[in-house]
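Pasting the structures in now, so scroll down.
In the two assemblies presented below, chain A is common to both, partnered first by chain B and then by chain C.
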Partner chain A sequence: MSMQSSAVQSLGVQTYSPREFHRQAHDALGNPQIRANFRKAMDGLMNKRRDVFGDWDLETLRELGANIRLRALAKLPDLLEQLEANCQANGIKVHWAEDGEQACRIIREICESRDATSVVKGKSMVSEEMHLNAYLEEAGIEALESDLGEYLVQLNEQTPSHIIMPAIHLNTDEISEILHEKTGTERTRDVDTMTAAARSQLRERFMAADVGVSGVNFAVAETGTLCLVENEGNGRMSTTVPPVHVAVTGIEKVVEHLRDVPPLYALLSRSATGQHVTTYFNMISSPRKEGEHDGPKEVHLVLVDNGRSNIYQDNELLDTLRCIRCGACMNHCPVYTRVGGHTYGTTYPGPIGSILSPHLMGLEDTKDLPTASSLCGACGEVCPVKIPIPDLLVRLRRESVGEGRGNVPGAGVKRTRKEVAAWKGFQFMATHPWVWRAGTSVAGKLRALTPSRLGAWTDYRIAAKPAGTTLHALVKRHQASKAQEEKR
Partner chain B sequence: MSARDTILNRLRERADGPLTAPESDFAVVTHRGWNAEERLARFVQLITSVHGEVIHTAPEEWTDALAKVLAEKGVKRLALGREHPVAAEARRALADAEVELVDVDRDIEEWQREQFESVDAGLSSTRGAIAETGSLWLWPTSDEPRLISLVPPIHIAVLDADAIEDTFYDVLECHGWASGMPTNALLISGPSKTADIEQTLAYGVHGPRELVVLVRHDGPEPGDER
Partner chain C sequence: MTPVKHYPPKPEKVYFFGTCLIDLFYPEAGLDGIRLLEREGVEVVFPEDQTCCGQPAYTSGYQQEARAVAAAQLDLFPEPWPIVVPSGSCGGMMRTHYPQLFAGTDIEEQANEVAGRVYELTEFLVHACHLKLEDRGAAEKVAMHTSCSARREMGLAETGPALLAQLGEVELVEQARSAECCGFGGTFALRHPEVSAAMVEDKTTAIEKAGAQRFVTSDCGCLMNIAGRFEHQNKAVAGEHIASYLWRRTS
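For the complex of A and B:
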């Protein structure tokens, strides 16, 4: 498994690391601009999602979505082989990568074989996960993001703060400033003007690009088809204009049949942005054929494992791999809404990030993330494929203190002798009634000695004191007086 | 061992043992039971709600409607195919018009910059549409390549109302997509758009700013009381 994605995340001015979650959360909470940007965006997204599912039997649809993803995972190795065989039969070259580094190398080699110096990218979270842009940059290949949000974030030398809306942390004025400073666009508050400026800047780049890189939303084993969901058209540009198209995807994105796609697509677009449908649904099954006049002459598919086959081993953790990357869990998360995406310091922020990142980066670096939740359950309730995210958060908390099955990298990182001893002592007391009674009675008698400060607990609360009389004693007294009454 | 075999072996020798695959019931994404009028009304309502423009026309008069759209929008150069009846009829009807017709049946390498910079609109046929989501479906061909519905600032699509079906699932199943996918299959639901700048909608970010759908049918327009 790759650990290349460890501590430090972003390339540019701001660096975020999951190790610094608490400090970053503190900073974000003190930044009214960030909080306002996220609050406004998340409120809008929650309302839109609720409205768009209005006339649907949402529960039945979610059930079907979960069911399709479970079926795909149950047959995963067979489906991957079928996908490979059908893609190859269609003329798509298929590559396999055990980790992000291997995947980066494969893409670099494809670029080098074509003497490519410029790559234009459609949105791909897995390429963020493997830090493809930085890798290609080092190899002397320029990688340009073309999704408007990704473009802005890249200009600002940042990483995305949301998996669907990468620039959600920036407001109009900030974006105007970025476009002015980095591209010389006139300062304006008019969104159409800014969009038009980006359009003309990027059109030149589409024409000049040697290679287009994209992600994949669903890979259909039955037909060897790669499906891409988008609104802007940059995904279609990136996969149609350059002479070579490289699609990169996690191995879990495969589905069995073409008919599995409509329910997942319906769930994805509605859950992500509250749209009935996205502007484009782009299904690619082969490179340009003889006689066709446009489209890439070469299409590659890179299947990336990067820790996924490890998650796959465990019946409970497996559910993590059902995810279709809609972002609804973060839109509805009270923690994400307040601290924003960068605070997590990982490629995938919010609840899904907190259950996925520990597998990708190890619990040593990400031990705070499973605790970045009040376990309110909103994420699990809105998940279109019914991933029990709260249960998985709890499972990872157990793993981090060494009480799980130990099959997450870095399991036990938070285990301390003191805590283990405390729980052992508690266990002994709780299973030996006379010790319990003696202990609680003594605690009650000495309640005046309870310290008024109890570490972090008393930062926002007053210290709890043991009751003068234990519950046991109260019940006994009550029963005794009742018995007396009955006798009379 | 290759990365491929390592990954597949790891998946096959799963620690918690093999998984059982559940059966799926697709009833929730099909059997809407709409009639032709309801389908058309729903399609129109949804595609206009995302900024698509719909023009109703009788089948025999559609080229007049096209000429009117071109004039209204000031289209000077129109990219279109040659063989598809939509393209062939448009070419005949526009032969004497002021609009310059741009051939698209040539390799993009020969005319990329021209297509990106000097074509005002692209005309294409469609294979059908989806009522539930207000989506057109296209299978680009060598006669009508992929980029004519993407690169020009205006995309004009011609749709026959009787080719509107209820759901995406219905389209896949009825037309047997799984038994032979084209190089590229597309659903298009409105003009290109983004909300990446503070959730404010803007159209035409990379693809067309305008999508005009000429819907050919003899019935009344949806909402029309006649």
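For the complex of A and C:
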């Protein structure tokens, strides 16, 4: 990137892997700055969401949101065809990509056929999922993120730590330092000054870009309309200023009717950032028409599968695809709040990431993610489209230990003889009541022998000891004494 | 979110499912729950062959093992009496997950029928027994920790505090982020010990900051976790199952 002159010392690309969840969690938990940044940000987001829904009948709205998404998924193959036909009728060229690599290639070819050397991007998590920036850079095409958070993360050679607020892991001072180091902006604590600096840096780049790339929040099948939700205007700039606009999205983002959009949008903006409406809501329905003075001359839509149709085959896992990417599940997750987004080592962190990433990356790499939840249910409670996230986490745990349906890549990877033996032992005890009573009674009698150190549990807690008498025994005694009283 | 539940009038008899944690670690809490019910004139039947609801295996992904354990419990409740469970976690397992666990099997109907009769103890005391309490204890500041399963799986954020509110000498103090998980989560605490530790650390800090001399909870997993952490820190904040606390202060 021209902006990152070679004279500026790079802070070094930080890489995270889901395989290293435990180590990354350890590092994050030991980093007071990360802990404080996330706690503060998540507390703020939770409060804003709560306040903005106020006295709305949220349950009814969530039910509606869930039904709209379920209906779209039920008709997904037909709706995708309808979307393609209507987009093409509108002059939007539609491309299909089976995986991320193919999607990258399609976008590269669009760029190359127009001799494009610079791409400006609105925010798109799918493009993160398919590692578009790195792919384009390798092909000699510069890709610049224009969402402020994404811009900062890109300058800092990181990946987003949140799907809505990519730079949420950074605080004001850190952002000031990044802007200073990478762009020569004077150090300041004033947010408006920093925003203005980034704005003027980006403004020139929009004008110079050959291609604009964006994501899509809702793709409307009946009208062939692409809806884009944003706050900074960078989405509008990316999709209107460059002569070519490429929208890229997962195949699940389709909705049936235009009237399906307002309820989903109401849920999205409120769940994500606690806003009644976002500053911009773009509806893209065609390239520049004859006689119009602005807008791109070409609009493309790249529909990416990348494992989604595999998820679609399973009637339980299918619910994963309802997601409208609001991020409320991470904002409310007590685990995400403490370890931050990078710890997960995946494009999508937090609860939604833990139920989606295994399909995208396989359980070999992601086996620690479905267990990284206390199943407290906060994610499922706030999900605007009522995805049963805790149930899906349990389903993936089942897949990990080989007791699911076996249709998730890497199924069975966590199954070990030792653990199977332990659970078979538990099953034997708990299905043989006399063995259970004998065992629990002995455990109570031997309570003095209970080790005071029980692995990780006792690093932070004093272990409870068996009580000495079981409830079974207490109840017997209680019943005997009651019977005696009755005799008297 | 649990759908609106219609509660039965106070029955003559109930089954009591004690849970494995209570059986082994907190049997007095189970007995105190039974005493509270008996004091209301309800006969309590304790099926002797009960063991564990199967949840530890279920949440660990060991579906077959969980199903075998759960199936063994289903046969313990042949009469149509309510099944009272002194835990939102085990209660939630039985009410919400038994139907899922046996869906499509030949005992699906039995599982649904049993699940429909499961009540958490404080829920049953409030909504079926309409329990009235007379406080005989000393003045005390108490924090309530409602378990995530009771709160979210069973929709019972209110029943514990409602019972405590009847205790005239008890000042119920509100902790910061009271709805947040304490970090127990069953095997989560063992698989992700450091994350769990960070969570329970915040929970004990919040309870202490609220000025509580004691915390009560309706779940022994949370009790074990939070009390164990307080003890490790040598803090004087005591923890107790709500059944024991209610019984102790009103008997």
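By our rule, the second predicted complex is superposed on the first by the 410 of 488 C-alpha atoms of A that agree within 3 Å, B and C clash if a C-alpha of one lies under 4 Å from a C-alpha of the other, contacts with A are read in each partner's own complex, and residues count from 1 in each chain.
One rule holds in what follows: contacts are C-beta pairs under 8 Å (C-beta built on N, C-alpha and C of every residue); 3 or more make two chains touch, one makes a residue touch a chain.
Everything quoted here is computed from the prediction, not taken from an experiment.
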### Query
Taking the superposition as given, does A:Leu446 touch the first partner, chain B, the second, chain C, both, or neither?
neither
#### Entry: Touching partner for A:Ala89 - first (chain B), second (chain C), both, neither
neither
### Query
Which partner does A:Thr195 reach: the first (chain B), the second (chain C), both, or neither?
first
### Task
Please work out whether A:Thr60 is in contact with chain B alone, chain C alone, both, or neither, and reply first, second, both or neither.
first
### Task
Please work out whether A:Ala473 is in contact with chain B alone, chain C alone, both, or neither, and reply first, second, both or neither.
second
### Message
Between chain B and chain C, whom does A:Ala421 touch in the aligned arrangement: first, second, both, or neither?
### Response
neither
### Message
Contact-wise, after the overlay, does A:Ala134 reach chain B, chain C, both or neither (first, second, both, neither)?
### Response
neither
### Message
Under the stated touch criterion, name the partner, chain B or chain C, that contacts more residues in chain A.
### Response
B
### Message
Considering only the contact definition stated at the top, list the common interface residues of chain A for chain B and chain C.
### Response
none
### Task
Give every residue of chain A touching chain C within the complex, in rising order.
22, 25-26, 29, 59, 334-335, 338-339, 368, 371-378, 380-381, 391, 394, 396-401, 403-404, 414, 420, 423-424, 426-427, 429-431, 433, 436-437, 440, 443-444, 455-467, 469-475, 478-479
### Task
Could you pull out which chain B residues touch chain A in their complex?
2-4, 6-8, 10-12, 14-16, 18-29, 46, 50, 104-108, 112-113, 116, 132-135, 141-142, 145-147, 150, 167-169, 172-173, 177-178, 181-200, 202-208
#### Entry: chain C to chain A touching residues, read off their complex
1, 18, 20, 22-28, 30-31, 34, 46, 48-52, 54, 56-65, 68-69, 72, 100, 148-149, 151-153, 179-181, 183-201, 224-225, 227-229, 231-232
#### Entry: Residue ranges of chain A in contact with chain B within the complex
37, 40-41, 44, 57, 60-61, 64, 67-68, 70-71, 73-77, 80-81, 84, 96-98, 102, 146-149, 152, 165-168, 170-172, 175, 191-192, 194-196, 198-199, 202-203, 207, 222-225, 231-234, 236-237, 240-241, 251, 257-263, 265-266, 273, 275-289, 291-295, 303, 305, 309-310, 312-315, 318, 407
